[in-house]
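First chain A sits with chain B, and in the next complex the same chain sits with chain C.
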Partner chain A sequence: MNHRGGWALIKRSWLSWMQYRSFFFLLAFGWMVPPLVYLFVWHSAAGEASIGGMTAPQFTGYYLTLILVNQLTYSQTNWTLGDVIRSGELNAWLLRPLSPHYNVLSAELAGKVVYLAFILPITGLLALVLRPELNAGPREILLFLPALLLAWLLRFIWGYWLALLAFWATRADALLTLQDSLVFLLAGVVAPVPLLPAAMQTVAIYLPFRYMVGFPIEILTGQLTATHVAQGFAIQAAWLAAALLLARLVWAGGIKRYSAIGG
Partner chain B sequence: MHSLKLLQTFARASFQQELAYRSNFFISLFHSLLNLGTGLLALLVLFGQVQSIRGWDFPATLALLGVYLIVSALRGLVFGPSLESMAGMDGEVLTGRLDYTLLRPVNTQFLASFRVWNLYAFIDLALGVAVLILAVVKIGQAVPVGHWLSFLAALVSAVATLYALMLVFAALVFWFPGVLFTWIFNSIFQMARYPVGLYPSWLRVVLTWIIPVGIITTLPAQALTLGLPLPLQLGGLALSVALVTGASLLFRVALSRYASASS
Partner chain C sequence: MTKPCIEVHNLSKTYRVPVREAGLKASLRSLTHRTYQEVEAVQQISFSVEPGEIVGFIGPNGAGKTTTLKMLAGLLHPTGGEATVAGFTPWERRHAYLRRISMVMGNKSQMLWDIPPLDSFQVLGDIYAVPPAEYRQTLDELIDLLGMRELLTKPVRNFSLGERMKCELVAGLIHRPQVLFLDEPTLGLDVSMQNRLRQFIREYNRRSSATILLTSHYMADVTALCPRVILIHEGKLLYDSDLQELARKLAPFKLVHASLLVNSTPPAFPGGLQPVEVSEEGRHTFRLPRDEAAAFTAQLLGSLPVVDLTVEDPPIEAVIDQIYQEGKV
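Our next item is the complex of A and B:
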């Protein structure tokens, strides 16, 4: 595989994305509002007491971390992939002497840089105003980082195979909307997973969505025992393997079906 | 009446255009149901943990969700898509197609606000009304007629306020072409899913006076569940009248700035 070409593409995408940064800042602002709403809602609900063992400043700490993690793991590129397939822009990708997956990966990494340039100062400012409480030791941070990396890979690749369904159905992006809703409900956005009603909590633990956002945050805020952390990593890795396999299969099947549209 | 006949024609034309893409109906239905489902589940999760937040219990917050859905549906029915097609991305202002709108022998603001209809918004409207009815049932006692009347008045001024805001954003595009004001607004409007009283005081001031998002949903919901004190009711009405008048004036000034962009 031509990795040098891939890196050149990544750099080029990043520079061209930076040109349109105000547009992407706008998108990033939109994505941070729902977690912010639930930060305030739970903060008000907790008041001076605590809910499920979490006090108001702890909710603030949880949700400010969530804004960062949500932004880091969100793959906007999967939304445009469907358009690329439908419009025939994919033809140009396929003709290049490097893997077409690099196009998606480069947009993904470029996006991360641009979004972080917006979201880091904003969360920093919010942290100064809202005074969160976050007591994460070195052990939590050490476990948090790999969980975060796996969460991004899982969310990205899971969305990737859904987006690749555009080879078969023109409206496949409805599935990405569904994924967003499930992440909202089951991945710790509407409430930290330990606070969900029992039935929803069980579903959340076995489905992949919690491992895209909520799991690393629960590690960082120290809400999980060692057994639960180990179990979580196992489920996360299993879903990641499944996502990789599905993405491979769907790509292989789709590219065979693909009959270039447009020029 | 001439303008009523025009409205009917606009609606029919939009409907005929949409008929060509019938699968859109199912996609719209899917999105509406998903939106409703996440909204309801979010409330169930929240009120699974607490009885009430700052005086808002489950039925009252449910009524507020109903108001949010109804107001959003009315916006999405006509003035949302109409103003979007004029001032949105690739809208008439940017492409210069506004020339043809200006040439027509009808009031331009009327044309810009009511020309494009999205009849799928009736799905959202029906779901919003259903949520509101559910909330009234949950309240458990008959809502007095006075509350209903005050609710209807508050709802009318809420929709008028929302219309005025959208008109202001459409007018601002004449000064700042390409800035996606409605996008920023849509993000902030997410906060209207919960009562303004839940937010910290600095944010409450912003949501009441600077971007009066809070008034749009909180006042009608409060009117229905608790009843509104007369000054608040009249204040809401006065504010919406003032906003619509001011927005119309701004729109007229904006139109006079238009220098056409066509070749």
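Our next item is the complex of A and C:
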């Protein structure tokens, strides 16, 4: 591995992205709108009582965390990968003595920094105004952090293998739209997973999408028992392993095809 | 004898291209029954290039130049044959190989548009693990050769095409590649910028002894830089040797231009030869076999009021066009 080169690429991507920070701030704003809408919906639905054991301030805590987690795990880079493959820009990546994955990874990391520069102050401000309730102790925070890291990796690599299908299909990014929709439904955006109807909850627990967003939030908000946390980590790790394997296979096959037909 | 830097043996590339007729019906049918056509882009090409040589790779559009270059740069896997460049098989794309080569394409940019070129160069220096002292020295040298010091801190998006090409060259050469593939480096540039880049490429080759394989549609690039040309047409190698030799072989005639004092009656030319072209100013152009040119010129000067006289080879473009049209040498 060429770490010096990889790090240089990350720094450059960051410099380049900072040039467009207002554009990315607008994107980040767009992405926080749906969770914000659901925050207000559930907040007013709960009123003075509680729904599924969650009070209005708890909903606020849940959704403000979701805005952060959603932003941290969202992989914008995968959307442009299809264009890179189609336009032949991939050639430039392949000509360098550096793993091409670094190009995606560097944009991914650079993006996180730029988005956080926007989203952290905004959620902080919202928290001051909306007064959420978040009873997270050291144990929850300690479990939340690895779950968040795995959630990002899973969401990123899952999207990566889908985006890499662009080696075969011209509009593979339609699959990314599908991934986003399933995240919306099953990962705790439209409603926290514990509040979903039983059948949907079962589906959500076994599919990968909950582990991209909802799972770490449920840990932080204390909605899960120790058994459920352990089970969740196991499923999350299994899906991550599957995603890594798929990405590897699709990349190897895709590059083989690319070298056969040219970019 | 030194070992060749590039050795290509029977290199072939066949693409399988899906074909379908126009229309909705045909497009629906193609969903289930795909038919393919085999396109032989490169057919059994063999050649070798010595270290430090500059070779011009010419041929009409679609001849297979870029495909060959992409195979040698490791981007494409051939369907047949072998190639060794600097001791490596290109399409294995080993990092040790990639560090020794560079491919600069006139129609593709590897510069980031929104940051100054200096930042992009630095990243490439890191990617290629160029030691800092060597990086500064190479950069200084390239920047002086290209005369582009004032460009370094401006964002690339404000550059002209020529300025951007200068950056591409620096970006491609910062790791001092042993082998350089240049695909249409002067594409779309104005005449003086083309000249500038040609001078640069020649000087770079002299200083660094890098082996250079260059494709271009501008014959001026090739005549100025490449003593040797490889001509391919429809995927086949047609000619591989000296450029001037090619012109002599293909065009066994010379052009004689003579400006005469115009008088009303058409003069009688030596041997009854008629000019192929007469300009309004009285400039007569004759086309005649190479070995008769000297005698004809002497007679012409002796018998008619010649004001000015030149003897030249037909333009290389005409020679090349003839090959493209006929498909043979």
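To be clear about the criterion, the second predicted complex is superposed on the first by the 258 of 263 C-alpha atoms of A that agree within 3 Å, B and C clash if a C-alpha of one lies under 4 Å from a C-alpha of the other, contacts with A are read in each partner's own complex, and residues count from 1 in each chain.
In the analysis below, a contact is a pair of C-beta atoms (placed from the backbone, for glycine too) under 8 Å apart; a residue touches a chain by one contact, two chains touch by 3 or more.
This is a predicted model, so every value here is computed, not measured.
By the touch criterion defined above, A:G88 reaches chain C but does not reach chain B. Judged by the touch definition given at the top, the superposed model places A:A163 against neither chain B nor chain C.
When the two structures are aligned on the shared chain, A:V104 is found in touch with neither chain B nor chain C.
By the touch criterion defined above, A:V33 reaches chain B but does not reach chain C. In the overlay built on the shared chain, the residue A:S259 is in contact with chain C alone; chain B does not reach it.
Of the two partner chains, chain C is the only one touched by A:R4; chain B is not. Residues 23, 27, 30-31, 34, 37-38, 41-42, 44-46, 48-50, 53-54, 180, 183-184, 186-188, 190-191, 193-194, 198-200, 203 of chain B are the ones touching chain A in the complex.
Only residues 23, 26, 29-30, 33-34, 37, 40-41, 43-45, 51-52, 130, 171, 174, 177-178, 181, 184-185, 190-191, 195-197, 200 of chain A touch chain B when the two sit together in their complex. Interface residues of chain C, counted against chain A in their complex, comprise 15-16, 67, 70, 73-77, 91, 93, 95-96, 98-99, 101-103, 108, 110, 112, 114-115, 119-120, 122-129. Against chain C, the residues of chain A that register as touching in their complex are 2, 4-5, 7-9, 11-12, 15-16, 19-20, 88-89, 91-92, 94-98, 256, 259-263.
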